[in-house]
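In the part that follows, the structures are each spelled out as structure tokens.
Two complexes are shown next, each including chain A; its partner changes from chain B in the first to chain C in the second.
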Partner chain A sequence: MRVELNNIRKSFGSVHANDGISMTLESGRVYGLLGQNGAGKSTLMKILAGYQSADSGEIRLNETLTQFDSPAAALRAGIGMLYQDPLDFPPFSVLENFQLGRREGIFLDQKTASRELLALGKRYNFDVDLDERISNLSPGERQQLELIRLLAGGANVLILDEPTTGISSEQKQQLFDSIRKLAREENKTVILVSHKLSEVQELCDHVFVLREGQLAGKSEIPCPMDKLVKLMFAKMPPRSKRPAYKFGQAVLDVRDLHVETYRLRTENLNFSVRAGEVLGLAGLEGSGQDLLIKALAGLLTPKSGEVLLRGEDITRRPFHQRQRAGIAYVASGRLEEGLIADLSLVEHMVLSTEKPGFLVNWERAGEATQDRIAKYQVVGQPASRAKQLSGGNQQRFLFAMLKPALKLILMEHPTRGLDIRSANWIWDLLNKRRDEDTAIIFYSADLDEVIERSDRIAAFSGGVMSRMVNAAETSVDELGHLIGGQQ
Partner chain B sequence: MSDELIGIIASILLQASPLIIAVCGETLTERVGVVNLSLDGSMLLSAMTGFIAAYKTGNLAFGFLMAAAVGAFFALIVALASIRLRQSQVAVGFVLTLLGDDLSAFLGQNFTRLPGPTVQKLAIPGLADIPILGPILFQQNLIVYFAILLTFATWWWLFKSRPGLRLRSVGERPEAAFARGVDVNRVRYLYTLIGGGLVGVAGAAYSLGVKIGWSEGHTRGLGWIALAIVIFGGWSPIRGALGAILFGATKALATVLQRTFPEVSVVAFNALPWLLMILVLLVVSSDITDRLIALSPRPMQRPLRRLLKVSPPKALGTELVEG
Partner chain C sequence: MRIPPQLERIWPSMPVIGALLFTSVLLLLFGASPLESYAAMWEGAFGTQAKLLSVIAFWIPLVFSSAGLLLTFKAGLWNIGIEGQIILGSIGASWVALNVDAPSYLLIPLAILASMIAGALWAALTGLLKTRGGVHEIFGGLALNNLAIILTNFLISGPWQPPEGGTFRGTQPFQDGVLLPRFADSRFSPLSLVLLVVAYGLVVLALRNTFWGLKLKALGQNARSAFLLGVSSNREAVIAMMFCGALAGLGGGVRVLSWFDSLRQSISGGIGYLSLLVVMLAQFRLLWVPLIALFFSVVLNGSITLQLRTQLHSSLGGILTGITVLFMLLFGDAKRLGFNTLSEEDDDE
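For the complex of A and B:
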């Protein structure tokens, strides 16, 4: 099916998620859709799949102007979307899950449905056990099943949202084979939404790159990696003009660290960070940098390996002990992990700084809070609740709560949502901590920030950490290769 | 089997029937993700309403109808507050419980301890003469027949029909149900109302057929028992009905035991059913059950697991987000 998107616009508040995007997709082809986090990929695909409606713009299927008000309507029109986390029902049996949403009527026609499902399973080379519960299947199997369901529902256009996250490489090959078969033999239009340049190169015929809500460019595949990287990240940002700093001794040594969640694993991590050094972690969201930070903070237990803080083994120490040992952690979710929405700023300060004891000296705590608020230029009162602050002020307050004299600061997206002035100002404060021999490790979805603020940079791709590069000498090309998974 | 024992079993079934009806109703409601915690209050209010309506008109069917309307109305308040106004289901349910209790005492104060119309026994010709089973199952009143039929009908609807599949999908993963074309809010309203209506019928079943008449606090506590049995029954009507019967049986046993050990307080025996329920829940959710299932013959494992391992609907009681 030929899909035309014309001038699609969609805003959330003042953010233009899609700012006039047009593209044409032909049947029998596999398209890649690339872009950084927040570039507008998911918004565009959700509009095409009927989960959201566009503010303006039109969708044409085989020349016919179309509009959907629900995903079910989109599927009836031939568009099916496979989510990263398949929208299925874990306690249902495979057959029940397949039957839900099919023809109307009171009776469940189990015979026809089983026959159809088994035939589809055979056709796409997938063992179907009708009575097994969905919750007992692997993520890859659930994906296959969902794919089959979409095809049975009449999908001619398939949107796959980050389909290879959390499945084994064997399952990935199987998935890619079915995708190729669907495009070549059954003339389906396939769109692969991805972070991973290597997968797009491997599977797709064409690629569209989005940046800041607009179409940054398109290309045939194969295409040189650095061209894609340039389209995704635009220009080389200016380097930070910090005074040269003589690094001290190693603050942190990581040896053979192996961290794993059900989605991703990252292993063979070996590096040191010296006093006063800023290590920036680049890479597309969820490539393993978050696992490393959480493992260092004590929020994830590593499978194996060692973490040494000034020579002392802290691998098995829990979060609070690490905090007392001088590690601070600034979470990416301000209101989810960093702050408590309904507590006042004083109460936060008491929670994070007061000595253990039964009574709280509220007067002193209020004064201390007032001092920090003034020093960190937080717009708010000691009695303000955390949720009343704007995003930027919440972030400033998180930094205001950091203790003096830390050995190591771990940060996720340290300046997300801040304007340039506030971001500069926060980094100035952070840089001053170098004099206290504090080392900093952070990651950010903003590659510019990583390049600008770091001394050294390592990139993550699919759980693999690249070699370290010197931030002052690297180039977007070099980083692009590392982010794309090439050494 | 002695006539006395048969009589006891038949009476246990009669006593359990209103409970079974309420459990089926609440099971439907919770399966779409809504907790109607007002059961105790709405049962009281509908027991009172049902009795007065039937007493005034002399029409039993009208009594049941009004009771169902009261139950459905309480359920509507829960549904509106949680779906439309996004209020906490628990808070609204609790307040309604208290409201129903006091309102029934106030509105029913002039109708206490009156002789009223009663659902009569109706022996089913032919079947009633079967030895043992006949007196237990087929010499009962319509409430018992309705409860038994309702149990199987609800089970069939939930697990074998297409609307039932959609119903369960809403309680499990509303956003995925929406993606499959289910109108999530409509389904939630529908089954919350039906469930509430059945709870109302259960209230009237008490005042018109089981514990006949009206007095303040006539069915107090039964709503909570029904809520507990829904959980105990793993959100399945058949298991829930068995739970209600087991509950009645342990109560009967408590009476017998009390007669045998008069020195022990009756209150202690009344706690028996609850201890039993907690024990069963612990056993079912423990690792030991997993291991026992793993030891059983392979073809038996799947049905056994399905019977013993249950989990609540995932979206149960969560804040409802409109699709």
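For the complex of A and C:
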């Protein structure tokens, strides 16, 4: 099916997620859609798959102007999207799950459904065990089932959102073979949303690159890596004008660390961070940097390896013990992880105090809170509840709660949602902590922030941590390659 | 539509008013006069000194367990097991009453202490099942409630059966020295009221002014953030359960030591479940809890007289409380009825 997107626009508040994107996709081809986080890939694909509607612009399928109000409507029109997190029902059996997606009558027709499912499995080389529970399947197998569900539903256009995250390399090869077969033999249109340059090179015929909500460029594949990297990443941001600082001794040593969740595994992590040093982790979201931060914070138990804080082994220490030992963790979700919507700022401040005593002196706590929020420029009163603050003020307040004299600060997206001035202010205060020999490790979706604020940078790609580069000497090209998974 | 602040302050009483109106319509349908019925109920609760004292004597254990539930609800725990904790409190006090021989001034504190410990340990079981075993406190609590009833039946028909032979009715009456001194030949003991005032004051203090109370509040609203702010959720959950169990157990102790004089079958009389309703109805307004508990006590005690006076069955009291609860669920979230409450007003940014 020929798909035409014309001048698609979509805004969330003041953010233009899609700012007039046009592209044409032909049958029988595999297209890559590349871009950093926030470039607008997901928004565009969700519009095409009927999960959200565009503010303006048109979608034409085989020249016919089309509009969907739901994913089901999109699938009826022939467009199916495979999500990173499969939309299946873990407690169900494979057959039950398949039947749920089919249009069944009042009574379930087991025989036809199982015949159909087995036939589809055979056609695309997927092993299908009808009676297995979904929860017992690997992510790759669940993905295959989802793919079958979409194909059985009549999808002619298949959108695959980061399909290789969390699956084994054999399963990846199997998936790629099936995709090629779908395009070449069955004339389907396939769109691969990815941030892995190598995969796009391997599988696709064409590539579209998005940047900041616009189409930055398109190209035939093969094409030189440099060209793609330049399209994906904007120009070099200004370097920070931080005063030179002489790093102290190692605060943190990570040795052969191996962290794993059901989605992703990252291993062979070896590095040290010195007192006063800022280590920035680059990479697209969910590439492994979050696992490292959570393992260092004590929220994920590593499979193996060691974490030493000033020479002391803390690998098995739980979160609260590490907190007392001088590690602070600032999570990315403010009202989910960090603040409590209905509690006042004073109450937060008292909770985060080390030894508050049995009875709370609300008057004194109120004064202390007033001082702290003035210092961190939080617009609010000690009695304000957390949910009454704006997003930026919530973020500043999270920093206001950091204890003095920390050994290590771990941060996820430290200045997300802040304007430049507030971000500078936060980083100034963080940099002052160097005098207390505090080390900082953070990751951010904003590559500019990583380059600007770090001393050293490591990039994550599919769970693999790159070599460390010196932030003052690196280039966008170099980082782009590292983020894209090339060493 | 915005609720004026005056109205918001009396919002918790709306279900009561609604239920009274609704029940009046029901009474009219049955051909009874609502005014006469309510008068009979009033009479049954406040008519004589004995009746009034009975209302208070029933109210005291109800407020004990409600006070305990304030702690667990604050921590976001559904302590359905409160009923079992009351029963265990009764059993603890009964054990002292039946087995210890001491002067009254030692015996009574011992019995009260035993009831608190028994209730706290029973509640700790629910807490540990939750934090160690991953059993939700509702299911753990329900199971332990049943076990507590079975344990009572076993005790009164087995080891603690009266000398004249085992029935399911109860143990033999306790020795006089262990019974709480009662006022004017009623079931009301002033000592239990003193204990209640102290306990309730401590709960209010804990919730308003202690670090522990703040931790419970944080835990109840967002366990994840509370954890990241340094609150050990498992530990606090078990401790909150234990304090609640101790208070409920104390209520159970008061019940065997003054309302009854022995351990009986269905010793709690549903006070635990009733106290869950009291606390939900009050929605953390600390001063409303005793008042709402009093309302329930009045209705339930008053409807006994209602049956004697009119032909209506005493279950009218049950209907009235039941309907109150339904109205509470309906009115509880004012927003759902299309109102903006005052507290939501300043959230618009």
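Please note the rule applied: the second predicted complex is superposed on the first by the 480 of 487 C-alpha atoms of A that agree within 3 Å, B and C clash if a C-alpha of one lies under 4 Å from a C-alpha of the other, contacts with A are read in each partner's own complex, and residues count from 1 in each chain.
Just so we're on the same page, contacts are C-beta pairs under 8 Å (C-beta built on N, C-alpha and C of every residue); 3 or more make two chains touch, one makes a residue touch a chain.
All of these numbers come straight from a predicted model, not from anything done at the bench.
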| item | value |
| --- | --- |
| First, second, both or neither for A:Asp131, with chain B first and chain C second | first |
| Which superposed partner A:Ala472 touches (first chain B, second chain C, both, neither) | neither |
| Which of chain B and chain C A:Phe89 touches, first, second, both or neither | first |
| Partner, of chain C and chain B, that touches more residues belonging to chain A | C |
| Which of chain B and chain C A:Ala119 touches, first, second, both or neither | neither |
| Partner chain(s) touched by A:Pro71 [first = chain B, second = chain C, both, neither] | first |
| Partner chain in contact with A:Glu347 - chain B first, chain C second, else both or neither | second |
| List of chain B residues in touch with chain A within their complex | 160-163, 165-166, 168-169, 172-173, 175-182, 302, 311, 314 |
| Partner chain A, residues of chain C touching it in the complex | 209-212, 214-215, 217-218, 221-222, 224-232, 346-347, 349 |
| Residues of chain A defined as touching chain B within the complex | 51, 70-73, 75, 87-92, 96, 99-101, 104-108, 131 |
| Footprint of chain C on chain A - complex, ascending | 319-320, 323, 329, 331, 335-343, 347-348, 350-352, 356-360, 362, 387-388, 390, 401 |
